[in-house]
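Before any comments, here is the structure.
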Amino acid sequence: MKFTDRFKKQIHDREEMHKLNKAGRNGAKNEFNQTVQGNSLSKDAWRRLRKNKAAVVGMCVVILYAIISLCAGILPIYSYEEIIIDHQYLPPSLTKTAGELMLKRQLSEMYATSWRQGRLSVTEEEDAMLNNWITLDDTNKVWNWCYEEGEKQRAAGTYVFSASEQKKYDRLQDSIKNDIQVTINSVRWVNPENGKSYKLDNLDYDTLVSIYAKALGGIDEQKVRTSLETGVNSQIQTEVKTKNSESELTAEDIQSLVAMEKDSLGEDGVQAKEKSLAVDNINVLIQNAMTKQIKQEIKAGTNKEFPYKDTETLFDDINFKVEASLKNSRRYILGTDNLGRDLLSRIIYGGRISILIGIVGTITSLFIGIIMGSLAGYFGGRVDYYIMRFVDVLYGLPYMLLVIICMAIFGTNILNLFFALAMVSWLTIARMVRGQIMSLKNQEYIEAARSMGAGGWRIIFRHLVPNSLSVIIVYSTLRVPEFIMQESFLSFLGLGVQAPLASWGSLIGDSTQGMTKYPWRLVYPAIVMTLFLFSMNFFGDGLRDAFDPQSKNML
Amino acid sequence: MIDKNSKVILDVKGLKTYFKTDAGIVKAVDGIDFTVHQGETLGIVGESGCGKSVTNLSVMRLIQSPPGKTVAGEVMFQETDLLKISEAEMRNVRGNKISMIFQDPMTSLNPFLKISTQMIETIRLHEKNVSKAEALSRSIEMLKKVGIPGAEKRIFCYPHQFSGGMRQRVMIAMALSCNANLLIADEPTTALDVTIQAQILELIQKVNVEMKTAVILITHDLGVVAGMCDNVCVMYAGKIVEKAPTDKIYKFPAHPYTEGLIQSVPRMDKSGEKGKLFSIEGQPPNVIDLPPCCAFHPRCHKAIEGLCSRCNPPTHMLDEDHEVTCWLYGTDQEKSAALKEADARQASKEASK
Amino acid sequence: MAKYVIKRLLGIIPTMFIIITLSFFIVRVAPGGPFDGEKVLPEVVKRNIEAKYHMDEPLLKQYGRYILGILEGDLGPSYKYKDHDVNYFIGNSLPNSMILGTIAMCLAVLFGVTFGILAAVNQNSWVDYLSMGLAVIGISIPLFVICPVLQLVFAMKLHWLPTSGWFKSGDSWATVVLPSVALSFSYFANIARLMRSSMLETLRSDYIRTAKAKGMKRSTIIFKHAMKGALLPIVSYLGPAFAGIITGSVVVEQVFRVPGLGKFFVQSSFNRDYTLIVGVVLVYSMILVAMNFIVDVVYSFLDPRISYQ
């Protein structure tokens, strides 16, 4: 590797620098009686990095992203998984609330329909223009135009709502004013016997059933059990159906498939499913009850300030936090997705996952790569031969395709994703570390360490690896964006991060449906992701140039 | 020996070439003068890094810019200042009137092109009316002249198929194929075996005599200089410290550095007392940001306390053709004036602090 | 030379063998089978089907049968699509992928080399900054962002080019443009960067100094003396680049609805269509190995220093 060779010299230089540096710190004088300023490698690199404006900007952007991802939990953003069906596909807007956007959408739809019905008066040219837009699939333009024209005509009094339209309009206005969104958080059950509180997920099945029965108004527990069973049954049934949407199944087939699925889950698996169903149902019950309660209070004339936060108790021994806000006064700066989830928070949380995968993946591959590379480099001979042949064969494989196979076959979850990516990504690092170590291991200080009785592992990890560290660090900065790209690539194909979790890749992948109508769903994640990769690449380039000025702009 | 009255073909005056680096400005060549007469062989001697190669690359205007730049001086070649002519005119000088041989024949020939291609293009570049076949036969002749056996066949080989010495011969043949007036040989033998070295030097000498080509021979090997050159310039830290005909320099080395260099050459005829060899202590200085002083004083065994380390040494003619830059030959008047100046400098420096 | 080529060709055989073996067993070790998702079949019918595909035999025997089939050029029947075998699918879709990949590769090399040389020759000028800025953008934008963005801008907003389709399936020739541009973009970027740095390094080398000292024109120096040496890193980059183009085509083919091989990859993995997966892996690896081989041969032609005696 060219990269490695260049560093060989640099490592040597570095040792020289260290010698000079020792003298320099004490303000050494040279033969001309001039004070010589000492300069360490890292100081020097930092100085060079600071000169490189693109790299500094890149570094700042990367730090900003890191801070935002770390603080995602305390940022004032909506939940990334809260689904509000009414709010689906709201366009981004800085000034307008969700309600206003919904109203605008409703109105444009109404005006567009009445244009088709001929109730909205338009000239012939305008008519032709609208039709042209429709053939070009530019519905957004049609709607916008109709909305503006309709509003104008309504204000002028030339357009009047029909009765059904008026009714729709009023209903929407009413719901915008009054609809409240109630969110339930940290639901805990307090054991009345000892006063300890538990998270619902951690309770055992029987307790859960009894709590659920109580919440339903004290019905028979056996009934609850059967209802949970049927619930899980239908859950599995839908799963099976979606899986086999291509082939036509008779009711009998489905029955036996469900039975098979249940068999493979085992009794524990089924019970776990029933448990989570019970937890979900209890949450829904609480939410409904709270919504009802708050609505009643408003009707009764209690003045509530929104957003409103409180801790409440229901069904005697369940504690939870409740948050209520006016649903339609929300603002979605970057719009919403197909399920009415806030795109901004999805991008932030998605970025958190993408960056996390990038970093953890890099560390994993570094770990494997360093161990394999240093083994091969230090011991040489047969060990080296076999490790390197293995690496060569793996290099010959279309490895992203292998990752795709692994993900498709072994199931798509984050752990598998890590595993699959780490398996194929350590090769280059192993080669690099091997080259480094081969060049370092014959140097005097290693001889010295060996002569003092240091063992192989000690020499590798106390002497060799730390000396190759600058190469490794620079390389891994450039590795992170690559990892993020690979993860996003898999998520884009639907093989990576699964909903409700998001990653940049899955956001972009989801957005490709309905791109013309809802372009913001593609554009914002794409911009955010590209900006990050861009900065990361600039930063990595700058870092490499700073540590190794000779290699200016090498790949 | 050359005729003193023969024409001057190269006259370099006050040449300064600086490099801009991260650490500061490197004054690689800092005001040097020398002349080359027709048919003369001039040796430029010095340790590595003293600026000998940069001097000649500056003459050829081959300094990479940035970071390097020739900031002052003039290079008169056949009545024109090479530093002032256009790039196109300069191209006509390079390879045609002044040609160069480089230190490392292994890397100086293009490994991807056949020798024939590289030689023919040189000839046809400067003599447009020569046909390809003609150029080829001329190249073969040149190769024969520099002593390459089987030149007719070997001209179609790639450089890597030649040995180091052979490659240097090819380089010389290529450099001479246009009958240049001046040949600059930049350490032509450093990368070669000792036996090959002698052959190559002999070849250069032959060229010098037969073709009346003036030669600038850059080397750090005083033995080579003694055998080949008419005149010698000794360079140290970007400056010429002594300039004289070869025999004078060997007989009466004036500058302590020259003296050191000569003494440090192992000689068979004068095997030193108890086989001990003289060596100059220390290393050549880093030429970034040097204070006004003799750059050699830290290593000089004859340095004058309080003078050499504070003042730039003056240049003196010891003889009509022997020039030296050293305080050892300075008059008392000069010394006191320089010391006064140095005091004033120091005072103003302290005042500014 | 011939000896070297033969030696290299023989070296391909064990690599391919390992790849086939690995993929054959990996897919079969995984849970689930090709007939799981279908109608629940009566035991007898299921057993009959399995017998038809020899799945009732021990794994090693199946493996032997498969290898023998490959030696005869038969990649086996598809388990999912019963009317056709794997050869049929690959034969139909591979040419499309190859056309797409080749066009993308040519674009990447053409523009990459041009921009790289321009940047190197005008180092630290606006040309340099512009092309290198473009190159960093190319490296930073993932393929699956470029594809929909190009589609959105050039097909859906500007209506210059068709959104999707493929000229061989009866659509216009213009369908080739967007997918190949999208696919080539990041390789263009890498090649441009590589070309710039290798050209700069070559221009700093001794033999270029010799050429300058001979009085040659800058353009002659660049195209006659520096070009060949500077192209070497590009040539060795083309091998891995082709691997990347193959993987990338999975996304491009999905977004632009190109009937290529990439589609089968994801689909057959989900379907557990064993023979199709292994067949596709086999074809991809073949292309990859062949590409590396060609690169090596081309390299040896470019660099006279490499000899095979």
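As written, the chains take the letters A, B and C, and residue 1 is the first residue of each chain.
Here is the rule we use: contacts are C-beta pairs under 8 Å (C-beta built on N, C-alpha and C of every residue); 3 or more make two chains touch, one makes a residue touch a chain.
Predicted, not measured: the structure shown is a model, and the values here were computed from it.
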| item | value |
| --- | --- |
| Central chain (distance from its CA mean to the mean of all protein CA atoms) | C |
| Busiest interface, counted in C-beta pairs | A-C |
| Inter-centroid spacing, chain B versus chain A (mean Cα positions, whole Å) | 65 |
| Chain B-chain C separation of Cα centroids, rounded to whole Å | 54 |
| Chain A and chain C, separation of their C-alpha mean positions in angstrom | 29 |
| Of chain A, residues touching chain C in the complex | 136-137, 243-244, 247, 249, 253, 256-257, 260, 393, 396-398, 400-402, 404-410, 481, 485, 488-489, 492-493, 495, 505, 508-509, 511-512, 515-516, 519, 522-523, 526, 529-530, 533-534, 536-538, 541, 552-555 |
| Contact set on chain B toward chain C in their complex | 60, 62, 64, 90-96, 99-100, 102, 104, 107-113, 121-122, 125-126, 158, 160, 171, 174 |
| In the complex, chain C residues that touch chain A | 15, 18-19, 22-23, 26-27, 30-32, 37-40, 132, 136-137, 139-145, 148-149, 151-152, 156-157, 159, 190, 193-194, 196-197, 200, 243, 246-247, 250-251, 254-255, 265-266, 269-270, 272, 277, 280-281, 284-285, 288-289, 292 |
| List of chain C residues in touch with chain B within their complex | 204-207, 209-217, 224-225, 228-229, 302-305 |
